[in-house]
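To start, the structure under review is shown below, and the notes come after it.
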Amino acid sequence: MADLTTTAQRADLLATRYGHVRETTEVLATPLTPEDQTVQSMPDVSPTKWHRAHTSWFFETFLLEPQLAGYRSFHPAFAYLFNSYYEGVGARYPRPRRGVVSRPGVTEVAKYRDHVDEAMGALLTGGLAGGLTTEVADLVELGLHHEQQHQELLLMDIKHVLSCNPMQPAYATVTVAEPSVEAPLHFIEHEGGLVETGHEGPGEPGAGFAFDNESPRHAVHLEPFALAGRAVTCGEWMAFMADGGYERPDLWLSDGWATSQADGWESPLYWFRVVDDWWLFTLGGPQLVDPAEPVCHVSYYEADAFARWSGARLPTEAEWEAVAARRPADLRMAKFLDTSVLHPRPAGTTESLYGDVWQWTSSAYSPYPGFQPAPGAVGEYNGKFMVNQYVLRGGCCVTSADHIRATYRNFFPPSARWAFSGLRLARDL
Amino acid sequence: MADLTTTAQRADLLATRYGHVRETTEVLATPLTPEDQTVQSMPDVSPTKWHRAHTSWFFETFLLEPQLAGYRSFHPAFAYLFNSYYEGVGARYPRPRRGVVSRPGVTEVAKYRDHVDEAMGALLTGGLAGGLTTEVADLVELGLHHEQQHQELLLMDIKHVLSCNPMQPAYATVTVAEPSVEAPLHFIEHEGGLVETGHEGPGEPGAGFAFDNESPRHAVHLEPFALAGRAVTCGEWMAFMADGGYERPDLWLSDGWATSQADGWESPLYWFRVVDDWWLFTLGGPQLVDPAEPVCHVSYYEADAFARWSGARLPTEAEWEAVAARRPADLRMAKFLDTSVLHPRPAGTTESLYGDVWQWTSSAYSPYPGFQPAPGAVGEYNGKFMVNQYVLRGGCCVTSADHIRATYRNFFPPSARWAFSGLRLARDL
Amino acid sequence: MADLTTTAQRADLLATRYGHVRETTEVLATPLTPEDQTVQSMPDVSPTKWHRAHTSWFFETFLLEPQLAGYRSFHPAFAYLFNSYYEGVGARYPRPRRGVVSRPGVTEVAKYRDHVDEAMGALLTGGLAGGLTTEVADLVELGLHHEQQHQELLLMDIKHVLSCNPMQPAYATVTVAEPSVEAPLHFIEHEGGLVETGHEGPGEPGAGFAFDNESPRHAVHLEPFALAGRAVTCGEWMAFMADGGYERPDLWLSDGWATSQADGWESPLYWFRVVDDWWLFTLGGPQLVDPAEPVCHVSYYEADAFARWSGARLPTEAEWEAVAARRPADLRMAKFLDTSVLHPRPAGTTESLYGDVWQWTSSAYSPYPGFQPAPGAVGEYNGKFMVNQYVLRGGCCVTSADHIRATYRNFFPPSARWAFSGLRLARDL
Amino acid sequence: MADLTTTAQRADLLATRYGHVRETTEVLATPLTPEDQTVQSMPDVSPTKWHRAHTSWFFETFLLEPQLAGYRSFHPAFAYLFNSYYEGVGARYPRPRRGVVSRPGVTEVAKYRDHVDEAMGALLTGGLAGGLTTEVADLVELGLHHEQQHQELLLMDIKHVLSCNPMQPAYATVTVAEPSVEAPLHFIEHEGGLVETGHEGPGEPGAGFAFDNESPRHAVHLEPFALAGRAVTCGEWMAFMADGGYERPDLWLSDGWATSQADGWESPLYWFRVVDDWWLFTLGGPQLVDPAEPVCHVSYYEADAFARWSGARLPTEAEWEAVAARRPADLRMAKFLDTSVLHPRPAGTTESLYGDVWQWTSSAYSPYPGFQPAPGAVGEYNGKFMVNQYVLRGGCCVTSADHIRATYRNFFPPSARWAFSGLRLARDL
């Protein structure tokens, strides 16, 4: 990567984007009380105030301390408290215990954010002796995408927190979709053959931002296949349930069956029955299940069982991306983060591969051929998680629109359900 | 128990005491932020705001709903959320998950307390058609002692919460004792024989308040023995540690040794080493260990091992009470709850059986001969816990002075360390 | 303890008894295949071949190695493999893993027993330079009573092992009792007052053998009470079950209720339902439950709940012993180990405090006033277990008749069910 | 699959092979006592006698009961006891409890095997009304390969069992390799491009036996790469250890690091230190580690960390197979099951892709494009395990020579170490 001074134009754009992304985090935290922001409802969940502090710690650790002359860290203990998983920068507070740390509280965390923002402002507008190099600008970009990931996590996590409260309080007032009819299901065909997959990689002409796990771009051979034009709906899921979907081991992977039995799964996460009706918990509180909306909060195990039941299968990530590459317009039509919605909407007649719900693929999360993590602690960002996880594609209703692209690889363990995860079917031709 | 109308004088005293006790709870919560009040650091610990709500729930459930005509409960879900363990009044929210409930927050809990206080005011000052019966007055008294127990729990619990924070924040500014010398150890002798133990029981002339587990009063035969004039000190404990106290299985009960190894005990809870010095965490933050002050936050297992090492033993609860019965003045000289201290103080020259630290006895917590729990759900208060626990006597530095007496039986499992628990030696004569 | 040479007569008696006790162990192992003798079905259970080896290790470690000149241990690894819990004689193989050690197999264990028996024969018949001292003779006696305890454990343990096999194989052919009627229940009254409890202690004139935990003999004050003339029967237990005994938390101790719910208790251990009938697994295989026979394999928690349900209570161990002291003839009429039965029999008209089933008392297992464990590793025999356990009295159908007495204190944790444990009611007068 | 009557020649070959495979199982069990054959040392391990019975159950369930008129099953309970994981044929005894079932013992298991063998003899030599169809012959073949898999498991499992015994007993006398020098490491290059992977599938001309998971044959695109000519050696592994391989989180996958810390890994499984030397436990008992022999009993996590440390990587399974396809002669030169060895041998100068140790690939175990499991319960053989596992290739020193081929896909979870698993490096060109 060439280490040239970045243009003034890029610096300006970056400063603007920095302000916008940082502000969005605060907007998302606004409806939450100090008590809400403190709770950790399971080991995978982090408190809201931890997300707000950790994203600041990222800028402090990877930008301000190494780059900004004279920078004074806000508090000596925060390096320990707000490191998530970077072994390369020292010890860290154990993740499952984040919810027992009451201090710093929300007020001090807000000050921490201001402190970091002020210093970042200095850094972005002339604070560096040699100007803003490409390397530093790329790190700022990474920090912003990192924060956007945490915005999505913040919403996933607080949804889980609030769902544990027997009073089922709403995070915010949301707009409930009008009753709608289930969109008909059709399949998009692809003839297979050798396709190019993955991102050009940083530094390539016109590449734009991508995480390291999306590169290198490489060839994959596909058999002919078809990909569904929309995600599986709640209506289809209820048919699966009615047909004994959660009671028939023949439909399930062995580990999936064991997990579903041990944890007592009988429906997607957040669904509950009131007399004869299925309800689900949303960020706007409890709602009747709308059969037309995409099913959400299902694990890989459930998605795989559903696909087997339906006589189809999950797509591989290369198949998903091959179709997406041919339909760039889909990205613009997708339904991403909108604080008045925060819930997947019925597909209607607007077909898109993106948005509403992340879609499980059948691809284990593995390095692409020739993958090289970045040098230093930042290299821990992605590579070390490439085991025991499956790739999801497409973004969802709590993903920022400028944080997604065709090559984006999200990933979770096959038992995870608290992400906004659904599925889209595929089949052989 | 006779069901007579209580005197106007008792009603007045009760209203005054009600105000005082309820106010004390709020004073204890004052230094704590909403975030502090939300955290549960282990299953045995409850959040501060839960204590504040649960003590109100007790008055609502056992007094206001059954007795006060037209009483409207504050919130329908609170009966479920703030029931601690009373099976007789319905289902309850699981204890180990109290820390994941962010709402109601501290503001709504304060309103709940006000709502209950207002209704209790009405009840205590003429709100009952037939006047304040003895039965109702006794229940109010029980509710107040219940709340005083929770005040102590609140302080024990928040100490544990704050100790889990790597920054070790103080709960409050406390007065540190002047350096002092260890008081010499002498033993108070008792000739044994048949002694009367336990409380007269409610309704007996001049009996005063006591919990049901302190009755009936009954005879116990004792062998001649002697009881130490003061509690074991930190200095003595450091000698035990220096002599391999935590490394020699021959000193320990088998279960105690297994627990100490599994949990890695090397000192009392809250002690930590800085280079060559021992420090401990207090409600006023970290402090150097003062050899003259009573050792605190030790389990029954540790207390028993120490006693064996020292060539003595723990007293039985009947022995403790037999000595206490002869020294009523001790109670007045004891050091109980004082929000400017909140830590055990060196014995100095003022000898007392009470205060500073609860003292483990060798007595398993069992019903006294002829014990009968109260009828109804209130009968679950004590009796159902009479297994797998040991009795402690004497009160401590976070116990209210008007909440203790010679017959008081506190109890914890033998592995518990987060109470302000120490020990006092005994020996055979 | 005087260290005098024991008489020749005692030596002869001891040698005879040694032969008899050691032979009984082998008789009990005879019906078992090598495979049966290898299995450990839960951490509390030990394999049969482990019992056979461990009891030999006891003689080797505490008698042969310290006392018999020139004794060569059978195998150097056995000191590690067959130490049960004596910290004072070195490290030991972890108890929960005894079932993964396939070698030594039963053949080598038999050789080990022969090796030890031969050396013990030498020791008992002149092998000691200074003759058989009282101290050594007492240790041999201890070793024999130790082995008798393990005979009972061997049968308890193999019953559990075989019960885990879905084919429910019998240990042996046993004589099934004739159908009988439930004996009427009457109570034996005791006027209370000061009673003497416990054993005279070794070395006291005419004391006979007892474990250290039965001493010193001491005074206890009792209130007037009555003790049931027979144990609770299966018929009575079925009435408890029919009345919701396992579904009503108000009948249970809090820990007991939690345990019963977590482990899914719905009846005593080994009971199972076939259509409308209750069956139980015995050492002779499955049998219909006989309402007249004593209920067996219930925990302290269940015994306590039953007693509360029946309006009575469990006796204290001092109460039990006070009644037993007045009825020495009971001991001779009791039903103890008989390899053609191995199951509790209906009381019929022969009333006895002893045999058939061990009887839970309400007494926590604690040291008697003035208790001193023996010096050295043998002192670990009893004292270090005096926490978290409850005392049982009376022996059972798998206890040897010459291994029991009025002062005998057996003990198990309150959740244990695999001992032959039942209950006998008491009530206040 | 055509359902034609198989030729007489195939029937003869099958009968001969049946006799040979079944006999080999018994030969492998011969050195083991009844006690050895009963033990289950961890949930993944099965007792030897269970393997002997389960492989017989397979023939009984899938061949004899559906096909052989008048067949009487040996014992009604065995269908429950010896089903491993086939949900389609009914309930089964829980796997982690196989070690608590002492009966049937080895003698009855031998009779069970004889009973099945006799009936299979009838079936293979004319017992079927319509002759031996291809479908039935294919199932027999499957049963034999199934049994060969269990022969390898039997040896893996008993090695684990014996290793848990502190006396470290040998399974058999084995021939220790002469001290040898480490073979130099060279890489076999492959130019990449589109390669065909997988097995032709049953019924294809000249396909031979393969499991369903090896089909369909399909195209994969590879980048240019090189594959090591031999496996990683113990000498190389010791260099990794000396360089802090087990102490540097930067070398490990995140889950791998967490596992290695939680389980205290400091070397491959079965290695132990005696003063300054590394020893390892083999089926022949403890041996000094030979630096020239292939490292064995490492997990995927360790293999991956080693590869990262060495600057190389693990191959994908398609890469491994592409190289193997060009070197058919390797298969004949490999070192497979030989009961006088049972341990990986130094590579010496004979280069081969096969034998000695299974080799972890970086490929998650997934279905090949177009994969279809067999209909019925036999379809549970492979497909339902295709999650959370990684593929290993090449067979090992306890694999039968006629049970392996270039397309064979073995699989284990990434934390598994008790298989004979090593690794072979790859790198990009």
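By letter and in written order, the chains are A, B, C and D; residue numbering begins at 1 in each of them.
Basically, contacts are C-beta pairs under 8 Å (C-beta built on N, C-alpha and C of every residue); 3 or more make two chains touch, one makes a residue touch a chain.
Only a predicted model underlies this, so the values are computations on that prediction, with no experimental measurement involved.
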| item | value |
| --- | --- |
| Reference chain C; chain at largest CA-centroid distance | A |
| Separation of mean Cα positions, chain D and chain B [Å, integer] | 60 |
| Computed distance of Cα centres, chain C from chain B, in Å | 38 |
| Rounded Å distance between chain C and chain D, as computed from the means of their C-alpha atoms | 47 |
| Where chain A touches two or more other chains at once, by residue number | none |
| Topology of the chain contact graph, where touching chains are joined (line, ring, star, complete, other) | ring |
| List of chain D residues in touch with chain C within their complex | 33-41, 49, 77, 80-81, 93, 97, 99-103, 105-106, 161-162, 164-167, 169 |
| Touching residues on chain C, where the partner in the complex is chain B | 85, 87-88, 194, 218-223, 249-250, 252-257, 300-301, 304, 362-364, 366-367, 369-370, 380, 384-388, 414, 428 |
